[in-house]
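Pasting the structures in now, so scroll down.
Two complexes come next, and they have one chain in common, subunit A, joined by subunit B in the first and subunit C in the second.
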Partner chain A sequence: MTALIFTLATELRQRVDLSPLTPDSLAGKSIEEIGATLLQTGNRQRRADEIFVIEGNDTSHIKVQNSTAKLDYIGKGMTHGDLYVAGDAGSYAGMSMKGGNLRILGDVGAYAACEMKNGQIHVQGDAGDFLGAALPGNKKGMQGGIVIVKGNAADRVGDRMRRGAILIEGDAGCYLGARMTAGTVAVLGSVGEHIGYAMQRGTLLLLQAPSSIPVTFNDCGTHTLGFLPLLLRGFQEFETRFGALAGSIKRVQRYAGDMANLGKGEMLIAV
Partner chain B sequence: MIINGVQIDNTFAEAFPMRATRVIITAQNIKWAYHAARAMSGFATSVIACGCEASIERELDAKESPDGRPGIAVMIFAMGGKGLAKQLETRAGQCVLTSPTAALFAGMRDGEPIPLGKNLRYFGDGFQISKRINGKRYWRVPVMDGEFLTEETTGMVKAIGGGNFLILAESQPQALAASEAAIEAMHKIPNVIMPFPGGVVRSGSKVGSKYKALSASTNDAFCPTLKGQTRTELSPDIESVMEIVIDGLSEADIRTAMRVGIAAACGRGAENGIRRISAGNYGGKLGPFLFHLQEIMA
Partner chain C sequence: MLTKLSGGTVYDPANAINGQVRDVYIRDGRIIDAPGKARPDKEYDLRGKVVMAGAIDLHSHIGGGKVTIGRTLMPEDHRGDSVPRQGLMRSGCGHAAPTTLTTGYRYLQMGYTTVFEPAVLPSNARQAHMEMADTPLVDTGGYAMLGSDDYLLRMLMAGKEQKAINDYVAWTLNASQCIGIKVVNPGGISAFKFNQRKLDLDEQHAYYGVTPRRILLSLARALQDLGVPFPLHVHGCNLGVPGNVTTSLNTIIGIEGLPLHLTHIQFHSYGTEGDRKFSSGAAEIAEAVNLRKNITVDVGQVLFGQTVTASGDSMRQYANAAHAHPNKWVCMDIECDAGCGVVPFKYKDKNFVNALQWAIGLELFLLVSDPWRVFLTTDHPNGAPFTTYPHLIRLLMDKSFRNDMLATIHPDAAAMSTLSSIDREYSLYEIAIMTRAGAARLLGLKDRGHLGVGAGADITVYSDQVDKEKMFAQPDYVFKDGELVARNGEILKIVWGNVHTVKPDFDRAIEKDLKEYFDRYQTMRLENFIVHDEEIEWDGRNKLLVHPCGEA
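And now, the complex of A and B:
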């Protein structure tokens, strides 16, 4: 068994919906059947083998090579297996994912990990807006699993997030954790304005203090919290720098908010 | 059978099915972990009147404990699942939640989950925070020294209670010294506890009583002061008898603990006044698990 490899063979003029190419939907199919899989692109459908050169046969280990930001919905709803993306990914990568590993070597577009329920997403580059968020109009964003971004993340990370962890090793944009109802978002770098806007519950763990604390977050003092080493040690099984912080973050400044909303969220800033 | 001049009676200990759980208490240092653990396992010598049997199983160093602090493993045994859950919750709430710097974690993953912090969280009055870490749910309950961290559930498994053996000696100090040696050796065995004070019980009981209200009463056959007054099991040279009761997760665990304990007691030898090792044999009235002393020591 060798990994099933999709190598992008044409220059895309339209965006392509790659959601049919997951370990779940390809399981048990021959390479001919896989090649005949119809992919939505623009206002029409094209066979997968018109867009990709397809090799290999292990549908639980899939690689997308020469990937570009025009490939949307990569790994949507997958429940198991590994999906490796060599290059960038478009929007909605890992949307509603329920298990398995999605690894993206480049950047991801907007709404990556949106409404994700379980599994692991690893982004080597940067992430677009609404990482781990809810789709517009929906009430629950990410509901489980872990997302690791080695680069930076744009605005609205964890918008309406419900559970799980998002670990950003670079910087994060504005409205980090906005409207969060639970879960953990941690950022090693700097964060933008309006952090925790309308946050109800959940934890924002920051290694660098934001330029300004929102007026609707109240200072609860500096503390040694017993759960933090446990939480950070829990990240040691993943490929992230956060696991190494278990012994180094001793104390945190705790802010509770958003007091204009439920006010049971917290912003923990390492001191 | 004679070991080091000590007679091993051809009899058996009789034990009964129980339910058991294990929790881990950690604290800022081992002293405060012990404070919480001793409180939690206090007044838990016998299910006859305490509702459960509990004791410290062992110490955990910082590397073994869930949160990297010194810890203590406590095991609790009860006659049924509901009773165990109730005892666990009450004891966790009054003895660990209250103890400075203490945190409380599951000590076993097997079996049926029973609430640990699941209901204690309500002490937080709405300020409690849930965290799911590596598939396990924890609760952070705000308390006056900071936060009480507890896992939501721990495991409950089928277990065995009432494994035992008796040390018969020429004097009370000699019986106690042999009992202490046995307990010290048995504390190194995992999955068992000896729930009586210091692991030793001097008031072994028989099933039933002349008083209808009592389900158990003094084991008169082994009371040295009644040698001339009742159908005694004691020879004239026996002046004191002490019992070690063992609760364990499996028959094998209890057998191992009994073997180690009896060997340590016999290690004191006849020259130190240890004459016989016997066991609480209730003629099948107490329970289905039989631990034959001579088989165990063979």
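And now, the complex of A and C:
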């Protein structure tokens, strides 16, 4: 068994919906059947083998070569297996994912890990807006699993997030953890304006103090929190620098908010 | 061009034709007498097929601000039901609140050729008409909403004479290009803004001191004085409140014999018996309706599934917001003259209340004996989307199917309902009355809803099938104004419908007072408030059909 490899062989003029190419939907299919899978691109459908050169046979290990930001919905709803993206991914990567591993070597577009339920997403590059968020109009964002971003993340990370963890090793944009119901977001680098906007519950762990603390967050003083080393040690099984911080973060400044909403959220800033 | 539809079995209740085999001739969009020797240019062999006029939906929310709010609130409704471009049909989406184009296609594919939007707020009339103008293949029309508007309530508070109210009602019909007047929770939408959370029929508005009863009487009398064919379209007080059957009965009795149409009466037929203090009042309502020829009703049937309720009744929608599913809702004021509440709902057959609502609706259909005075609606999208009509027709026409469905709902609700003991099954003739002839007669549409000479050639041809749901879901042919527009569900031509209105006369002197009022209080000028004929007809797609008003 060798990994099933999709190598992008054409210059794409329209975006392509890649949601049919997951370990779940390809399981048990022959290479001919896989090649005949119809993919929505622009306002028409094309066969997968018109867009990709397809090799290999192991549908639980899928690789997308030469990937670009025009490939949307990679790994949508997958429940098991590995999906490896050599290159960038478009929007909605790992949307509603329920299990398995999604690794993206390049950057991801908007709404990565949106409404994700479980599993692991690893982004080597940067992530776009609404990482781990809810689709517009929906009430629940990411509900489980872990997302690791090695680069930076744009605005609205964890919008309406409910459970799970998002670990960002670079910087994060504005409205980090906006409207969060629960869950954990941690950032090693800097963060933008309006952090925790309308946050209800949940934890934002910051290694650098934000440039301004919203007025609707109350300062609760500095604390030594017993759960923090436990939380960070839990990350040690993953490929992230946060695991190594288990021994070094001793005390945090705690802010509670957003008092304009439920106010049970917390922002922890390492001191 | 002469078209002949030969040998079909015709159901045309307006002309007392019950299942006779006969030919129908069409020329220039109208039905004509047998033309003697002239050879038809086109002939359709309809032997063994059922021929009816195009169906008319007299209460379906297809235009105006609240539908747009419903769409905005429910993006998942659109994501979950996307329709790709197909043939002549452009793409669209939406299950409970479809896009305008998809709404038109779906109605026509079911054989409906005329649809009325029942809640056009006059200040939103322009937008409502534009939205309906964007709904292809069907004729449209609207009912202008009055009853919680400041101007009318001021008039009533000041004790203005009936003549002045008549002028205001007539002016509103003209200005909003509507065919009837709708009143929603009379005075209640306004009272809500004065912190009243309920307003019963004889309860006074906290500020204006006016009761809903007085509003109903004034408006119903105005329409009668003006000779507007369509009676006052009433969404009564206390929608959805257990025990509201008393309010509804008092409304029916208290209207003093004036013509009145009670809409989505199912939501107003609840008693308070039983362990859960929620029971059916259908039998009492049906009895009261059967006794009084001045009363007509449409049912507003609930069918199970996800939908979104959109109503002008912000008072009751606010009270129901706790039941929102998914948990999000909108209640708002509009121009200080009305309100709007949009609450998503999921009706479940295993939920006692929902199951009983379903049974109450069917009881009403079956217990109101005169099909000319009860109409088939789901109050789209409030009870269910209009696409469920074929299913509903089957429930009415097929007793064993109905009882099979009854066996699947919440057992306590089934036990409390008399539905299983009702043997009535609607006939095709009665369905034709309810969905065509009756609706046209009530609305005063002389040239629609029938197949007599001179009628607009809106014609639907079905294959008679045992499964009535299948039969009514997809007619074989649909003709709109004489043109074949659909065959077996495929749209063959896109045409644009007419806009039905009435334009009763009124004393122009009222515009002087209205102008002062608009200049002082309103957000737009009187001249801009009025929707002119050219605005509807300018692009040549839609045509205004003005129906005559009788003498008072």
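The rule we apply is simple: the second predicted complex is superposed on the first by the 271 of 271 C-alpha atoms of A that agree within 3 Å, B and C clash if a C-alpha of one lies under 4 Å from a C-alpha of the other, contacts with A are read in each partner's own complex, and residues count from 1 in each chain.
The definition used in the following text is that a residue touches a chain if its C-beta (ideal position, glycine included) is under 8 Å from a C-beta of that chain, and two chains touch if they have at least 3 such contacts.
The structure displayed is predicted, hence computed values, not measured ones.
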Fit or clash between subunit C and subunit B when superposed on subunit A: fit
Partner touching more residues of subunit A, whether subunit B or subunit C: B
Partner chain(s) touched by A:Thr224 [first = subunit B, second = subunit C, both, neither]: first
Which superposed partner A:Lys264 touches (first subunit B, second subunit C, both, neither): first
First (subunit B), second (subunit C), both or neither touched by A:Asn43: second
Contacts of A:Arg233 with subunit B and subunit C, given as first, second, both or neither: first
First, second, both or neither for A:Asp88, with subunit B first and subunit C second: neither
After superposition on chain A, the shortest CA separation from subunit B to subunit C (Å): 22
Subunit C residues within the subunit A interface of the complex: 73-76, 79, 85, 326-328
Complex contacts: residues of subunit A adjacent to subunit C: 43, 135-139
Subunit A to subunit B touching residues, read off their complex: 144, 163-164, 182, 184, 201, 203, 223-227, 229-231, 233-234, 237, 246, 264, 266
Subunit B residues touching subunit A - in the complex, by the definition given at the top: 66-68, 103, 126-127, 129-134, 138, 140, 146-147, 149
